[in-house]
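As written, the chain order gives the labels A, B and C, with residue 1 at the start of each chain.
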Amino acid sequence: MDAVLELRYALDTFYFLITGALVMWMAAGFAMLEAGLVRAKNTAEILTKNIVLYAIACLMFLFIGYQIMYPVGEGNLLFRGFGIGIGNEHVIGDLGSESHSKASDFFFQVVFVATAMSIVSGAVAERMKLWAFLAFAVVMTSFIYPVQGFWNWGGGFLYESFNYKDYAGSGTVHLCGASAALAGVLFLGARKGKYGPDGQINAIPGSNLPLAALGTLILWLGWFGFNGGSELAVASLESANHVARVFVNTNTAAAGGVVSALIVSQVLFGKADLTMALNGGLAGLVAITADPLTPGAGWATLIGVIGGALVVLAIITIDKLRIDDPVGAISVHGVVGTWGIMAVAISQRAVEDGATFGGQLMGVVSIFLWTFIVSSIVWFVLKLVIGIRVSEEEEYEGVDLSECGLEAYPEFTTSK
Amino acid sequence: MDAVLELRYALDTFYFLITGALVMWMAAGFAMLEAGLVRAKNTAEILTKNIVLYAIACLMFLFIGYQIMYPVGEGNLLFRGFGIGIGNEHVIGDLGSESHSKASDFFFQVVFVATAMSIVSGAVAERMKLWAFLAFAVVMTSFIYPVQGFWNWGGGFLYESFNYKDYAGSGTVHLCGASAALAGVLFLGARKGKYGPDGQINAIPGSNLPLAALGTLILWLGWFGFNGGSELAVASLESANHVARVFVNTNTAAAGGVVSALIVSQVLFGKADLTMALNGGLAGLVAITADPLTPGAGWATLIGVIGGALVVLAIITIDKLRIDDPVGAISVHGVVGTWGIMAVAISQRAVEDGATFGGQLMGVVSIFLWTFIVSSIVWFVLKLVIGIRVSEEEEYEGVDLSECGLEAYPEFTTSK
Amino acid sequence: MDAVLELRYALDTFYFLITGALVMWMAAGFAMLEAGLVRAKNTAEILTKNIVLYAIACLMFLFIGYQIMYPVGEGNLLFRGFGIGIGNEHVIGDLGSESHSKASDFFFQVVFVATAMSIVSGAVAERMKLWAFLAFAVVMTSFIYPVQGFWNWGGGFLYESFNYKDYAGSGTVHLCGASAALAGVLFLGARKGKYGPDGQINAIPGSNLPLAALGTLILWLGWFGFNGGSELAVASLESANHVARVFVNTNTAAAGGVVSALIVSQVLFGKADLTMALNGGLAGLVAITADPLTPGAGWATLIGVIGGALVVLAIITIDKLRIDDPVGAISVHGVVGTWGIMAVAISQRAVEDGATFGGQLMGVVSIFLWTFIVSSIVWFVLKLVIGIRVSEEEEYEGVDLSECGLEAYPEFTTSK
């Protein structure tokens, strides 16, 4: 039997590492998506932000955040302080119910933090100072994200007292990222030329849509790790069945989101808008993330369909509110993330399992308020101390030259 | 022993999900390959088609196609009607010889349908109406593909009566997709300017070859899932050995295809044509797909080498026939797919296992005729009802603007 | 117990195949990285080189190299001649301590060879003849790499007599590739216009930085297979724990490399240079490759941090020496690879395990000398026989047209 326990342990550890690697791959997805949706002159800078924020997230969560999110000991349900880190690995004698390597758990968790932070970079693109952004990333990944992550997955009050259900983080990851992004955008203001003096809204098209499509498909693939790994085990009949259902539901929700966003955009604009189809797919993924396990495939599709329609309306509405989010990140991850969390409360099997409208709402409110308020303080301090916005001239010339000293496409661009 | 059975079940399920995720990734491969091989002005539209066809394939196969392809009950070997869908998952008591989650099987199957449909989008690129294409995708993925898929993998007449051997679908997936594509191209006609009035053939170069190379390498990676997962199990000594051999053969056939296509193009054109090398790699992959298991590595290499040479000749020939296939899909998937199917009949070990020239030919003929005829009917009806070809002016301006209302590279292009 | 042995065998085989597939994916990483860092006019040719070298590596290692690197029988520790190839698969009766399919071992090994060869293509980019390069690839992958690979992993003198520790090949793969690259660059000379007559050094910016960033992230993902698979087993408690630690250390070293390279470039140039951040990440990965297992996460981070700083200094220095390496491959893989090898000798746990300064240095010196000298002979012969450098006019017009007969971006470029 020990040999079987050991194999189970090995399979679950391997499963964690592979699904974690798929989530790491989402870093490339965000990088390509955002690089495709900004103008050519701001491309190298957004790439720099994306790759460096991933690195910062990995380092800060290793040394600080993980200890806050998964503290040892019992006590306070709001903030329990620091744990002891990854610690020593399991050994044969004490395997018991342990199902995987501690390091594999850390690896899976750390890539999630980077996802949350990646959401911010897109929303503040094309006008934020690089180093101010990176400074924010340090605080976000070492403190803001881990504290509210503890509330759900670390044993904090959302989980303990409100039966908040958020399987892979529609709230804990996506709404959190979007809330920080919203705070950033409000402190930063819109890009020059985005909103005219007479109320007109100018479209600023992305410079490289194949990259945006590639990024979306990378994220779709990565999401099988994101949701599929969040079962936390695969090496039993029940967990294997669960993971398989999660894969199917994740895929079908994304498909539903693509189709509904395309149809809505055809109806509203008279065109099959590619960027809306892409955002629709992402919306389906975000929406199903709070509960990819208990719905049947039909219900999962519907959650994605609603997500896809919602994201088109949200992007239009947020634009009308003159909140300038170049890639639609607040709509995809915030608005649709909220839909995903609340949808759990109308899913029959999740409700049987204890999900309530109030508990889910408590999740939305507490994650949003915590992240938005603390992020606002950080953005405010950064604005005071080092400034968060590039100069008008730098913005006009493109941040690639001023921040990175190079151009993304030195031989191609025909216009600024 | 139950614990061992359960672990085996878990490993096989996980194997299905990971190989399925790799096949899903092929959607990105086709999207990038086709986006790289069309002109800039048609790029956003081909991306839209690719991502939406994947979504449609997932939804239609879930709700309709899967029930046709894998029906329950016994009876007719041509068309058995609808099954009961994914159904409930296995439980401990009834595991018996069941080796994986039903949902994981569906997931693996559904991504194959999308592959077949992806083949069509490339061949009809740059002049077909978006919504007509999507309408065709609905019929293809819910009906045309599943019916002939049933003949091979669902227990239909090719498998039962003809001992047709097609391990991962050189015929069932690739020839099927190519046959639908050929029908589409014939109804659609060539792109404006492709063939001159005096018989001359004009090359229309792809606009972004790095994307085409990336797409090819994505497909190469995904093919390890496509072929490697088609063993349907890994959790025994025999199946693990088989899957490993499939990986080696798949890789070496692709390598052989690259090298032979490059040499043939150097000899014929005096240049090392990148697009031919890419198509050579894909040809090697398509060719080995019908039987990546029984050949030794040397024979697998040779199958790929012949595939790679064949694809260059096929592309030239089909172009001379004034059949305008912008990405060479009919050559890669149809001509070479046929080679792959027939090669099984000269593979010693496959023949010992019952493969015959007649059985393989029966597969080719029946898959081609079914798909080509039914597709032709659908294209014909679509042409009558909504039209399948964009206007001359839209084609000249590029379908990105007319169909999607945006441009893929608004800042880059210097010419239409 | 036999059933458990079989499952262990299946899991280890599957682990080898999946990690091998991730290493194969690195071929796409190198292709994108190099395509992004050359000028537009040389892009199709570098893509051709990358995909064809991968194919050549797979074929030559299959038919020749593998037999040299993993020979059967005992004897000479420098060169033992040919083995018997992949051979027959394990069967139940003789499983014993065998933990995986022979074909899966070959698959994992073959993708490593391609990695070593990929390092060369970047360094010689933009001025080397395509077919001369491919001829070199034949010798490198069938002979030069396998001979020194045998010294470490095949049971040769570095392993047997010097206790040389190089877990996944900072030396065996990366230094080897860089040494061949250095020899090539020295025989080839710098690109026209790179170094002025009065000692000035001209920057030649890469044409497509999103591709370079994508390539880096692909390599990062692939490295989890590269290092994570090099434990050679996962299906026991100890090996599962090891693989998990390798994933964490690999990731954190890369993150450390990104951050330190970015900071160093900001300090030295006053700009957050994206290409330096990318090379920093790669440097972290190369540096940790010699020993991603024994360090704690803090020490692993530091190895990456030093690697990231070192690579910036190395790139500047090598440029000052007028050694023209368009993508920085010699710095990343050679200089930092050496740092990685030597860092093992100051890692407490590796030293306890028998690593010595002298043994590691012996590895560096013997790998470098062997590869550099034999490569030089090959380059020299190629230069004599077919020439290795394109003509000045071809270089000016771009090698895409002269070597491949097409352009990578026919509609985009505004300048040569």
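Quick note on the criterion: contacts are C-beta pairs under 8 Å (C-beta built on N, C-alpha and C of every residue); 3 or more make two chains touch, one makes a residue touch a chain.
The shown structure was predicted, so the numbers you read here are calculated from the model rather than taken from an experiment.
Q: Can you tell me the C-alpha superposition angle of subunit A onto subunit B, nearest 5°?
A: 120
Q: Would the interface of subunit A with subunit C count as same or different, where same needs over half of all numbers used to appear in both copies?
A: Counting which numbers both chains contribute, under half are shared, so the two copies meet through different residues.
Q: Between subunit A and subunit C, tell me the centre distance in angstrom, where each centre is the average of that chain's C-alpha atoms.
A: Averaging C-alpha atoms per chain gives centres 32 Å apart.
Q: Where in subunit B do residues touch at least two different other chains?
A: In subunit B, 4, 7, 11, 18, 208, 214, 409, 412, 414 touch at least two other chains.
Q: Of all residues in subunit C, which touch subunit B in the complex?
A: It is residues 3-4, 6-7, 9-11, 13-14, 16-18, 20-21, 24-25, 27-28, 31-32, 35-36, 43-45, 47-48, 50-52, 54-56, 58-59, 62-63, 86, 89-92, 95, 100-104, 106-107, 110, 130-131, 208, 211, 214, 403-412, 414 of subunit C that touch subunit B.
Q: Which of the residues in subunit A end up touching subunit B in this complex?
A: 1, 4, 7-8, 11, 15, 18, 22, 39-40, 205-210, 213-214, 216-218, 220-221, 224, 228, 234-237, 239-241, 243-245, 247-248, 251-252, 254-259, 262, 269-275, 277-278, 281, 297-298, 301, 409, 412-415
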